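Comments concern the structure below.
We call the chains A, B and C, going by the order they appear; numbering starts again at 1 in every chain.
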Amino acid sequence: MGNKGLFLDRGIVTTIIILSVIPFLLQNSFHYEIAIMCMLNAVICIGLNMLVGYTGQISLGHGAFAGLGAYVAVILSTTYEFDPVLSILVACIVLALIAFIVSKPILKLEGHYLAMGTLAVGIIISIVLNNEDGFTGGPDGMGVSEFNILGYVFENDIQWYVLSAIFLVFSIWALQNVINSPFGRILRCIRDSETAAKAIGADVPYYKTYVFVISVVIATAAGSLYSYYTGFISPEESGFMRSIELVVMIVFGGLGRVYGAVFGAIIITALPQFLTFLHDYEHMVFGAIIIFVMIFMPKGIVSIFDVLKVSKDKK
Amino acid sequence: MSLLKIEGICKSFGGIKAVDDISFDVKEGTIHALIGPNGAGKTTLVNMISGIYSVDQGNIYFNDENISNVATHKLVEKHIMRTFQNLEICENMTVMENVLLGFNIEMNKSLLKSSFQFESILDDEEKFTHIALSHLKRVGLEDVAYTLCSELSYGILKKVEIVRALASNPRLLLLDEPVAGLNGTETAEIAEIIKEIASAGVTVLLIEHDMKMIMNISDMITVVNFGQKLAEGRPSQISSNPDVIKAYLGGGTLHA
Amino acid sequence: MVELLQYSFGGITVGFIYALVGLGFTVIYNSSKIINFSQGEFVMIGGMAAVFLSYAKFPFVLAFPLAVMLASLLGYMLFKLVSMSQNSSVTSLIILTLGYSIFVRGASQVGFDKQMHTLPAFISDTPISIFGATITPQAILVIVVSLCIVFALYYMFNKTKLGKAMLATADNKDAAKLVGISVKKILIMNFMISSAIAAIGGIVLTPITSTNYEIGVILGLKGFCAAIIGGIGNPFGAVFGGVLLGILESFVAGYLSSEYKDAVAFIVLLLILFFFPGGLFGAKKSSRV
């Protein structure tokens, strides 16, 4: 947990060190792609974890929001030649609005019904993205314009790596700050007891909506960056499997833990790459790993560190 | 002066009238007890006062302001706090975090400021943590301040809930069975705490079944049965009221 | 009019498959409160296994039950995995069943292959004409088989001792244990029945829509929609929901836009969740504070 008042705590410093060292281990563009994908997925997961892990609201449709957000940004800058950063900002605003409207009826649902409701919204979005090929280029996807910040063009792996790393570190730091703040406490209170939250003066629907919108905006930003990086976008990024993948990441990593989302994202993103030698057995093994972790490490991968810490404390 | 006025309130669930035309006043600075057999409608009544249930008929006035059907979280701004029969504690948070939630309305909840660790947020944390610790000391819980609530006993959590409710100096405190499930020592401790609260000027509306405690600390008692008011008066009047005795000992049900 | 009839036939046929999937969900949900996201995979396994057994020169009368048994076995495996899981939160179980569905799909990819496959029609290929619209014997078979399963389940739950034991378990596990019902056995049976009926549906559907390792995903989701639309926990609701969905989908595809056919199930689901939270036939919930 972060120390109050300190700008950089152990976790953040360790993260920065690791992120600085990794580029020396990356040998080619493909490695960079995986690393960047891991980091941007981690950012999306940090946002999603805020909603699912900390506030206790399941969303099985976040892939669709991330994809839709990315499409808005990418279409603005590619088809309409907007400035890319402006495009992302506009996309964030548009998605925030959509998320706000969707959240009003959806967040009245609970448990399985909320899961199915968000799932349904996500699938509808992805079907629309698939079908409206006039805008989106349809199932084949579309090429994406270059990305620049105030004229500085991002065109090589190192630049993207640094940008993604900064985004990730900032997200981790911000989330840690929020979790220990009054706002964060209310979220966690909602997860444990909505009645208690009401009883201490929190307008529960307001906070649920707030977190939902924030998590969608974060997903939009990170999703957009990823599309700019790869230079390509397709409706598959907004599909049901993508939404499921994101939830698997945060549960696998550890719900309601800052680094849970990060580890989960990294492992689930990178793992399939290491399993390619298994060829067609890849999915079987992947499924088996998920099952194994859910049965034997229900609190997620990050709980390994808890066990290590407990045994260290005992010594 | 009557801080809380209940006038002719009614509440039905389907065909069942849980609360049937109940009226009473709670004078400021007193401990007012609400007693009656199980299912008499006490919790329903408190749920209506605290905005959890809607009021079918009648009115509730707090400080001469009509608060019928005002949402729970809005009542907190008017300094009305409550505890729950079924303990609504955040188990995955520490005692300190639960108590800090009690200060919620006074704290800065800006997402932006907390993300960037603004000075004001950090100062608030420090300030309220200090106050919380002193509250916890008064009830003897300073040692478990940083323990996760899921690891603590029921009796301790009951105290935590009361501390949380008191944190931001409420004017009216609704306690729903604060000593249910506690042993004699714990009950006496809570009784002391409630007396201290009242002497500090907080008005207390208390639902309880523990007769000894009720008779000991209450200024006024309202007895309900089958959703209706049965009797009202000082402890000495109530304990000798034949209708009350009949309801509890005659054909009615009683529990420890 | 003929068009309407034609779309209806198509819709009812596939609707009954959704109904079977939804029924499977309902059976498992009723007994264990688990939402089985891998339900669709049992449909896929039924069809794929039947196809490959027939390739291996098994006569159909053997291939059919063997395929169903394989699906039941997978249902049993899922039960074992779920019962091993200590953390029974909604999210964990959802992920567990999702992981299982990925695993089963992966196994199918490897054990069978990634191609589309089909079975010959069981009776004949010749479409039958009813009031000008045509329907194939296979489609009629799908409807008949599905109805048989629905009634068989109805009979079992309401008229047999075993069925009553299942209902008791679904209502209150502890009370059921107290009267001597082996809850574990009941749960195992529920999982196996649920996967079996999905598999049967998959087999009879194969001659019409063909099958491959991925069909389970969308079928599972739509079947789930059917169950919720009808009111999760209500078997007749699931059947009604499934057929209703099939017909609506067919009408939308025929009269409006075939591209948005898949969206129908989810739009209807959302409408039901918002306006009839308990489903069309479900009970209204209320909780005590």
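By our rule, a contact is a pair of C-beta atoms (placed from the backbone, for glycine too) under 8 Å apart; a residue touches a chain by one contact, two chains touch by 3 or more.
Just so it is clear, the structure is predicted and the values come from calculations on it, not from any experiment.
*Asks:* Of all the chains, which has the CA centre nearest the overall CA centre?
*Replies:* Of all chains shown, the one whose C-alpha centre lies nearest the global C-alpha mean is A.
*Asks:* Work out the mean Cα position per chain and let me know which chain is farthest from chain B.
*Replies:* Relative to chain B, the chain with the farthest C-alpha centre is C.
*Asks:* Would you mind pulling out the distance in Å between where the CA atoms of chain B average out and where those of chain C do?
*Replies:* Distance between chain centres, rounded to whole Å: 49 Å.
*Asks:* Between chain A and chain C, tell me the centre distance in angstrom, where each centre is the average of that chain's C-alpha atoms.
*Replies:* Averaging C-alpha atoms per chain gives centres 32 Å apart.
*Asks:* At what distance in angstrom does the C-alpha mean of chain B lie from that of chain A?
*Replies:* 41
*Asks:* Give me the residue numbers in chain C that touch at least two other chains, ranges are fine.
*Replies:* 289
*Asks:* For chain B, which residues are shared contacts with two or more other chains?
*Replies:* Residue numbers touching two or more other chains: 52, 84.
*Asks:* For chain A, what residues touch not just one other chain but two or more?
*Replies:* Touching at least two other chains: 195.
*Asks:* Which of the residues in chain A come into contact with chain C in the complex?
*Replies:* Residue list for chain A touching chain C: 52, 58, 60, 105, 109, 111-113, 115-117, 119-121, 123-124, 127-128, 131, 195, 240-241, 244, 247-248, 251-252, 255, 280-291, 294-295, 298-299.
*Asks:* Residues of chain B touching chain A in their complex?
*Replies:* Listed in rising order, the residues are 50-52, 71-73, 76-77, 81-82, 84, 88-93, 97, 100-105, 107-111, 114-117, 121-122, 124-126, 164-165.
*Asks:* If you look only at chain A, which of its residues touch chain B in the complex?
*Replies:* By the definition above, chain A touches chain B via 4-5, 7, 174, 177-178, 180-186, 188-189, 191-193, 195-204, 210, 214, 256.
*Asks:* For chain C, which residues count as touching chain A in their complex?
*Replies:* 35, 81, 84-87, 89-92, 94-96, 98-107, 109-110, 217, 221, 224-225, 228, 232, 259-260, 262-263, 266-267, 269-270, 273-274, 277, 289
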